[in-house]
Amino acid sequence: MKMVDVGAKAKTERVAVARGRVRMSSQALAAVRDRTVEKGDVLAAARVAAIMGAKKTPDLVPLCHPISLSGVEVDLSAGSVGVDIKVTVKTVDRTGVEMEALTAVSAAALTVYDMLKSIDRGMAIESIQLEHKSGGRSGVWTRAEIAQAKLKARRKS
Amino acid sequence: MKMVDVGAKAKTERVAVARGRVRMSSQALAAVRDRTVEKGDVLAAARVAAIMGAKKTPDLVPLCHPISLSGVEVDLSAGSVGVDIKVTVKTVDRTGVEMEALTAVSAAALTVYDMLKSIDRGMAIESIQLEHKSGGRSGVWTRAEIAQAKLKARRKS
Amino acid sequence: MKMVDVGAKAKTERVAVARGRVRMSSQALAAVRDRTVEKGDVLAAARVAAIMGAKKTPDLVPLCHPISLSGVEVDLSAGSVGVDIKVTVKTVDRTGVEMEALTAVSAAALTVYDMLKSIDRGMAIESIQLEHKSGGRSGVWTRAEIAQAKLKARRKS
Amino acid sequence: MKMVDVGAKAKTERVAVARGRVRMSSQALAAVRDRTVEKGDVLAAARVAAIMGAKKTPDLVPLCHPISLSGVEVDLSAGSVGVDIKVTVKTVDRTGVEMEALTAVSAAALTVYDMLKSIDRGMAIESIQLEHKSGGRSGVWTRAEIAQAKLKARRKS
Amino acid sequence: MKMVDVGAKAKTERVAVARGRVRMSSQALAAVRDRTVEKGDVLAAARVAAIMGAKKTPDLVPLCHPISLSGVEVDLSAGSVGVDIKVTVKTVDRTGVEMEALTAVSAAALTVYDMLKSIDRGMAIESIQLEHKSGGRSGVWTRAEIAQAKLKARRKS
Amino acid sequence: MKMVDVGAKAKTERVAVARGRVRMSSQALAAVRDRTVEKGDVLAAARVAAIMGAKKTPDLVPLCHPISLSGVEVDLSAGSVGVDIKVTVKTVDRTGVEMEALTAVSAAALTVYDMLKSIDRGMAIESIQLEHKSGGRSGVWTRAEIAQAKLKARRKS
C-alpha cells in the first residue's frame, strides 16, 4: 500500500468543485427553512462542518496527501427536495483537491442529517460527486462536458 | 446552538446499520475486483477507513455526542454497478449510533473514490442512508417497514 | 507526571459554566451586529467552534481525562464592549467538566478573533473563568458567592 | 461562509507574538514556584501544550488556513500575580500566524488552569492578545506603537 | 474487518503496565542528564507525549475501542544505556488498556528520539512490551511469571 | 521549549527509511500467515495504520514540525520470528522525515500487536530505527555504513 509519490509534480493552482444533496421529507425541509430545529441553525452548522471537514480529509481518507488549502467556499441552501450542497476548494500544491471538496460535502451532509434526524430518520445522502476540476497534469475536467460527450457518442452510433 | 442534553437517558444497548454505494464505470469496478489499483487493495483500505471514520464522528459532526463504541462491523463488496458498503455500529450508551454508522459509510465511500479517481473521475457516492436502528426511547426503526407502510397507505387512498 | 486516577470516584451528574469576552473596537462590534464580515456569520461560526472545542479538550490539555459529554449549551452575543461568551457543559462521569467549559469558551473567543482580525488586530480575549460548578465530591462552587464571602471577610476585619 | 482565498498572496516570512496570563491566588502561584503540584511540573506541561496547541489551530478555529509552521518558541514564567505566557510563531507561507500564536497561548493557559484547579478554582485567564506581527501585505503591527499613537492623538485633541 | 463487540462484557477496573527503551550513544545520554538539549527538557516533553499518546490510541490503532481512561502514570528516567520508559494506564470499562499503555510508551520513545536526533541518529527504540495486566475475563497476566513458567518447563523436559 | 526555526533552510527533496519488527510466538505468526485472525487481515490493517500514522506525526511528537508529505510506501511481511515492517517517507520541505518514518513503523507495530494480542500477549516491538536518510544540510546517512565504519575503527585500535 502506498501514498503515491507526487514530489516530482509542479506546484500549481488547483481547484475542485463537488456537490451533493440530503433528500428529506417536506416536514424536515420546512424545519430547515423556518429555523425551528431544536439543536440550532442547520445551514450554519453544516457550513462550518464543511470547511472543517475539508481540513480533516487526510485524517479520514487513508492514502490522501496532507496539503495546504488556500481557500474553501461553501454554498448550502434549502432546495426543492432537500438541502443542496456545493463546495469549492483551492490549493497551490503538487496534488489536486478533489478529495477535500468531496469530504467537505460529506461532512456538511452528515451534519444536516444529524440536526434533522429526530424529525426524519429516512433521509438519504445522494449524489456526492465531482462537478469540475482544474490544474495539474490532467487539466480541466467538467462533469457536464463528459455527459454531453457521452450523449453525442450514443446518438452517432 | 446546543448539543442536546442526554444525561437523563438510560444507558442501553443501541445498534445502527447504514448503507451506501459508490457507483463507477465497469473499468473501475474491474480494477477493484482484479486488485490492479496502483495505490493498493481498495476494499481493505476502505474497511479500515470505515472503522476509523466511525470513531471520528464527533470530530466531524459538530453537535454529535462523543460516546464509546462497543463494536463496529464493516461489509464491503464489489457489486453490479459499484462498491456496496454496509456498516453496523453498536454501543451501550445514552444516545444512538446512527451518525457513527453513516459517517463510517461516508469514510469508506470517500476512500473508494480516492483510490480509483485516476481511473474514473465521474464516480458518484449514492444513497447513504440508515437501514435499521434499535435501542433507546424511540425503539426499533427499519427502512423496509417504513417503505411498506407508505406503500400500503398509498394503495388505500 | 500523571493523569490523576479517578477510577474510585462515583459517576454523578456534573455541570460547569464558564464565561469570557472578546473586547474589540466599536467598528468591529458593529460588523458583528450588522453581519458584514467577509468570512461569514461571526456568532454562528463561534457557536459551532465552542461545541467542537468542548469535545477537543483532552486533545489540547495534556493531563485532562477523556470523558463523555452529555450536553453542551452555548450563549454568544454582541455586548457593550465586545462579544460575550457563556458555555454550560454537562456530563455523568467520574470527573468534572470545568476544563471542557473553559476550552469551549476559548475556542469561541479565538474564532471571534479570527473572523474579525482584518478589522481590528488589537482585540483582547478577557476574563475566561469558571462561574459555577456542581457535582462530585467538592460539591457546588459559585464565583459570585466566593466574591461575596471575601467581601464580608474584609468588612469584618 | 468561506475560508478566504489566499492563493494569490506571496509566500513570505511571517512572525506573530502573542501574550496572556493566568491570574491566581498566591497559594496557587507558590505551588507553581515550589513544584509541589500533584499532577507534575506545571510550566513544563504548559510549554508542551502551547507548542502542540499551535499545531492544532486549524482544527479549533473553523475558518483558519492549515499551514506549515517553521518555528514556535514558548516563554512561560511565574510572575507577580500569576503565570505569564508569551509565544512566538514563525512561518514562510501565504497567510499570517496570529491565530497560531493566540491558540498556543490559550492552550498553555488552559493547561495551567487544569493543573492548579484543585488549589484555586477562581483563577482567570486574562488578556490574551497579539503583541506584534510582521510579514505579509499588511506589514508590521505592534501593540505598543498603536497604544502610543492613540495616546498622542488624545493629547492633541 | 471488525472492531470486536464488547457490549456484553462487564465494566470492571482494568490496569496495564508497559515498558520500552530508547538505546542511545553515551553522548546523547549525557545531553539528557545534563539538560543541554537545544529543543528543551527531553524527559518533560516525553512525559507529556506519553499521556497525550495514551489518549490518541483509538486514533492510531484502527480496530482499538475508544474508551475512557481513569488514570495514566508515566515513569521516565535516564538509565545505563538510554532512556527507560514505563507507563501504567487504568480504566473502568469493558475492554483492557494494553494498547493505551503500549501507545503511550511508543509516543514517549518517539519524542525522545526526536529531541536527540541531531546528536545521535543511530538510536533504537527497543523492547516495547506489556509487563502486566489485570482486570477483565482473562484476569492477571505478568511477563515475569510467564518467563519463569517457560524456564521451569524447559528444565523439566 | 521550542520547535526549532527551520525557516531559513531550503526546500529540498528529503527521504527517510525506517524499520522495526514485532517478535511473536509461532502460533501468532501462523495466524498472520493463514489469515485466521478474528479481527481481520493483520497486514492490511497495519499497512493503512502506517500511512495514517505518518500523517499524525506532528500530533504525537510535540516538537515535530507539521509538514507536507509527498509520498509514503509501506512494506510489511511475515518474517521468520514475527512481522517485519519497513516504511519509506518522502517530502520536499525544509526539514527531514525521519520522525514520520519512525512513527509510521510504530503505528504499524502497535496495530499488529492489537490484532494478535488475544493469541499472544507476550509479543515485543523491537528495533524501531532509522535505516537511511537523504536530503537537507546533513546529507546522506546510512545505518549500515555507520556500523561498518565503527567496526573498522575498532579493528584498527
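Quick notes on this one:
In this document, chain identifiers A, B, C, D, E and F correspond to the written order of the chains, with residue numbering beginning at 1 in each.
Keep this in mind: a contact is a pair of C-beta atoms (placed from the backbone, for glycine too) under 8 Å apart; a residue touches a chain by one contact, two chains touch by 3 or more.
Here the structure is a predicted model, which means the values were calculated and not measured.
Between the interfaces B-E and A-B, more contacting C-beta pairs are found at A-B. By residue number, over half of the contacts seen at B-F repeat in one listed pair from A-D, D-E or B-C, namely D-E.
For the pair chain A and chain C, the distance between mean C-alpha positions equals 32 Å. Centroids built from CA atoms put chain E at 40 Å from chain A. Touching of two or more other chains is recorded for residues 1-4, 40-41, 44-45, 47-49, 52, 56, 59, 62-63, 68 of chain E.
Interface of chain E with chain B (complex): residues 1-7, 58-59, 62-63, 65-68, 93-94. For chain D in complex with chain C, the touching residues are 1-4, 20, 38-41, 44-45, 48-49, 52-53, 56, 59-64, 98-99, 102-103, 106-107, 109-111, 113-115, 117, 121-130, 133, 141, 143, 146.
Those residues of chain C lying in contact with chain B across their complex are 13, 44, 47-48, 50-52, 54-56, 68-74, 90-92.
Those residues of chain D that touch chain E in the complex are listed here as 40-41, 44-45, 47-49, 52.
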